[in-house]
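Before anything else, here is the set of structures, which you'll find just below.
Two complexes are shown next, each including chain A; its partner changes from chain B in the first to chain C in the second.
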Partner chain A sequence: MFSNNKKGWLLLSPTIFILIIVGLVPFFYVLYVGFFKWNPLAVDPSMQFEGFGFNYRRLIFDGVFLESIWRSIKFSVVTLTLELSLGFLLALSLLSSFPLKKFFRGVHTLPLVIAPIVVGSIFKLFTVQGLGPLPHLLKDYFGYTLNYGMNAEQAFWMIVIMDIWHWTPFVTLTLLAGLSALPQDPYESAKIDGANNFQIFLYITIPMMVPVLIVVIFIRLMDSLKIVDEVWMLTGGGPGYATRFTGIHIWKEVFEKRYYGLGSAMSILYLYITIVICWILYSVMVSRGKSED
Partner chain B sequence: MLFAGFYTALWFQGGKVKTRNLFTKFGTTFLWSILTIITLFPIYWMILVSTRTPVELFGKPDLSPTFLEKVHWKNFTKPFLDGVYSDYLFNSIIVATSNAALVTVLALMATYALSRFKLAGSESIFFWTMTNRMAPPAAFLLPLFLLFSTVFKFGDFTLFDTKIGLILLYCVFNLPFAIWLLKGIIDGIPKELDEAMVVDGANLFTIFRKLIIPLAAPGIAVTSLLSFLFAWNEYLLASTLTSVYARTIPTGLSEFVTTTGTNWGTMAAVALVSMIPALLFLFAVQKHIVAGLTFGAVKG
Partner chain C sequence: MKKKGFIPLNTNWFDRLFIGVISYIALQLFWMRFMESFISINFAMGIGIVWIIYVIWKG
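The block that comes next holds the complex of A and B.
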């Protein structure tokens, strides 16, 4: 029966069909629209062809768009670094046994299952001027004024803090899963050879963890490059352009200004940049991992 | 950073060696207590806000647990009994449940095909499903919006602002995830069992019913729970592709942002209600969440 491939394709066909309809067709459609000048609110609301790379040429000189990409990359790198170091530390601590460990771990899982938009709401309630306890506490005890509705720097770092609150548990738990699955022999040999803890960590744990680290970095980078929901809820992309990440920028251009053609070109570039960044990272990490074996 | 390095060295005494003095144990517990407070404190504040009147929220924040004595139930009854949020809740339940059911059934079939049959190009199909999950949804908002509202037309019926549209759409990110998660489980069931059943004259349906589903039951349960959760939590696509009739609870939550003079109590109440499935499933999925979020690449 299993040599009869017709049945196999039959089982696979509904999945392929749905993914073509909601995955592949939109991709080619956005590629197509990206070649046109199209704004349904303009004097001429029809699609006009203005040369092959018209929208893309415009985007190369679109400072706001390029800045939003740079902002997204900066955000991703910052959160990735902080979450990875914090998560690794916490994962290592969870290897030992200590009182109430199961409870702590359970609470640590909680942010993972909360919707991004709800995380945004929670942080909005917690930090907004005039309601949240955080600005009050900072003001009373440290004399620090937190008002991310006005201060661009604070808005950016507020999003970073929120992202760390939300996603460090993912890094912790994934690295913990990887750490608990490591073989014990190399550790015993290293101990016999008189290596100290730091050397063991650097020369045994890290190289053996490379596959898991690749997965974690890959997924976190992908997710933080496409962040929209939490930011939309907390700052709405403001103040000014301070937290306008690429996803939010595209949303605003397309659904507020109705730049359909330009927005499509942005989407394609955004998609392309995401893929390129992840591809570079993946190749670098895989080759590094192989050379260290 | 120095502190961090010191602690790393202290904690990680070469793998899982059990010798650890009382000081380290105490320090670890202390650190995790602080972390737990940081995790829970914003949520605790949300609960406080959801149980207070606007007047009580005015002025200096009061952190005492006032909900033990008095709850301002109007925050909950106003959106859910008098307002449209009960519709949103209903839509969310329908969309998430149907999507989870659809995704589980389709993924089970697809995974079985990928695992048992020698299909030409199955590797590429596998990779292609993955790319669907990885693409940023913001890049697909416009084409999906245009396709749903103008192109995918069946007479007067368009997919825009319908629950069916959302149910189909969420397959984009849930199907790849479900296939990846189930692949590991179905690959683990020996092929010989299937072949033995075929020799006994069983058809595909019987194999699924008698062999695959019973053996993969825990994995199937986790897959559908996580699919439900992801569909329930999704915001961006739902907010763009619905307007009145199919709005889900996350989109309702974002409506508080635009209204002038936000009623914080009501907003907190809605956020709290939309968190309920997450809290219910937390204990069920806790052990599998790592496998779920990493597509089974790392086992929890």
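The block that comes next holds the complex of A and C.
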């Protein structure tokens, strides 16, 4: 195989080399460190091997870690559902023509180019109690107290709103590209057969959009499962454990407490859970798509 | 070459290896959490390896 495609392998070799250096080597190193008890600030700063399952055994009994996984999954499901619904609606509206459409599309896309840490600080400046304008407005006009530094529910939903604001444009743009590329023949046939708009949407648009939807769902699902910086900026994982998603939890264990071994095991376990969720979702969606064909 | 065994999907050998390893890890974690106080984890390892071979062969 190699001798037949020497030129191809030669051209691919820089990419393969970089992938190995930035992908495989760190992965296997984290996997390796995950089997050790290692805290460089402890009395014994060396790496101590205490069995392959040592850190993993700790983790499956660690309530805070398990709760952070559940919180991350809940967050991902909520944001994914809302972003997809809103994104689809916006993409459909952007298909039709209305005044200032191009301006709206440009403004709507702006959050996409903002770095997550900046999104976090924008929301913090806008919503923090005693400084931001939003709590004042809500209090003055609706009598509603917004203080996510004290209220766990508010903190969670504030993160959800922030994520929706940041990432819905991505969903909209991707779905808009998919919708624009759909063939028009099935729509004309359906109209001749007397289908109404809702039936056309349900039986023609959605099935034809499945490949695009799969891509969007996967990108957003994986992104939302590994959310860190926006949350770190807005709430720092608080109040209490209310917004301590798994990424934040790993960060705190590794960089604040210096539990390198445990943190590595957490990362590997979380990667495993992400892979399982994505694989199940992919299998279900692909098999359903095939059965509809 | 893809085939259909007891897994309700068309899979090649690498898919079945992947499913085997994923379920092996799940079994180890489940065993550590709920069974290890009664039965050693080595049993789970043995069962898991047999399971991986079975999935690759018949899955």
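In this text, the second predicted complex is superposed on the first by the 289 of 293 C-alpha atoms of A that agree within 3 Å, B and C clash if a C-alpha of one lies under 4 Å from a C-alpha of the other, contacts with A are read in each partner's own complex, and residues count from 1 in each chain.
Everything below uses one rule, namely that a residue touches a chain if its C-beta (ideal position, glycine included) is under 8 Å from a C-beta of that chain, and two chains touch if they have at least 3 such contacts.
Note that the structure is predicted; figures quoted are calculated from it, not measured.
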First (chain B), second (chain C), both or neither touched by A:F61: second
First (chain B), second (chain C), both or neither touched by A:M158: neither
Which superposed partner A:S283 touches (first chain B, second chain C, both, neither): second
Dominant toucher of chain A (residue count), chain B or chain C: B
Contacts of A:L221 with chain B and chain C, given as first, second, both or neither: neither
Which of chain B and chain C A:G53 touches, first, second, both or neither: second
Footprint overlap on chain A, where chain B in one structure and chain C in the other make contact: none
Chain A-touching residues of chain C, taken from the complex the two chains share: 8-9, 18, 22, 25-26, 28-29, 32-33, 36, 41
Residue ranges of chain B in contact with chain A within the complex: 4-5, 7-16, 18, 20, 24-25, 28-29, 31-33, 35-36, 38-43, 45-46, 49, 57, 60-61, 63, 106-107, 109-110, 112-114, 116-120, 125, 128-129, 132, 134-147, 151-152, 168-169, 171-172, 175, 179, 194-195, 198, 204, 229, 232-236, 240, 250, 253-254, 256-257, 264, 267-268, 271, 274-275, 278-279, 281-283, 285-286, 289-290, 293-294, 297-300
Chain A residues touching chain C - in the complex, by the definition given at the top: 53, 56-57, 60-61, 272, 275-276, 279, 283, 287
Contact set on chain A toward chain B in their complex: 1-3, 5, 7-12, 14-16, 18-19, 21-23, 25-27, 29-30, 33, 85, 88-90, 92-93, 95-101, 103-104, 106-118, 121-123, 125-126, 131-133, 136, 165, 170, 173-174, 177-178, 181-182, 184, 187-188, 190-191, 195-198, 200-201, 205, 212, 215-216, 219, 222, 225-226, 228-229, 232-233, 236, 246-248, 250-251, 254-255, 260, 263-264, 267-268, 270-271, 274, 278
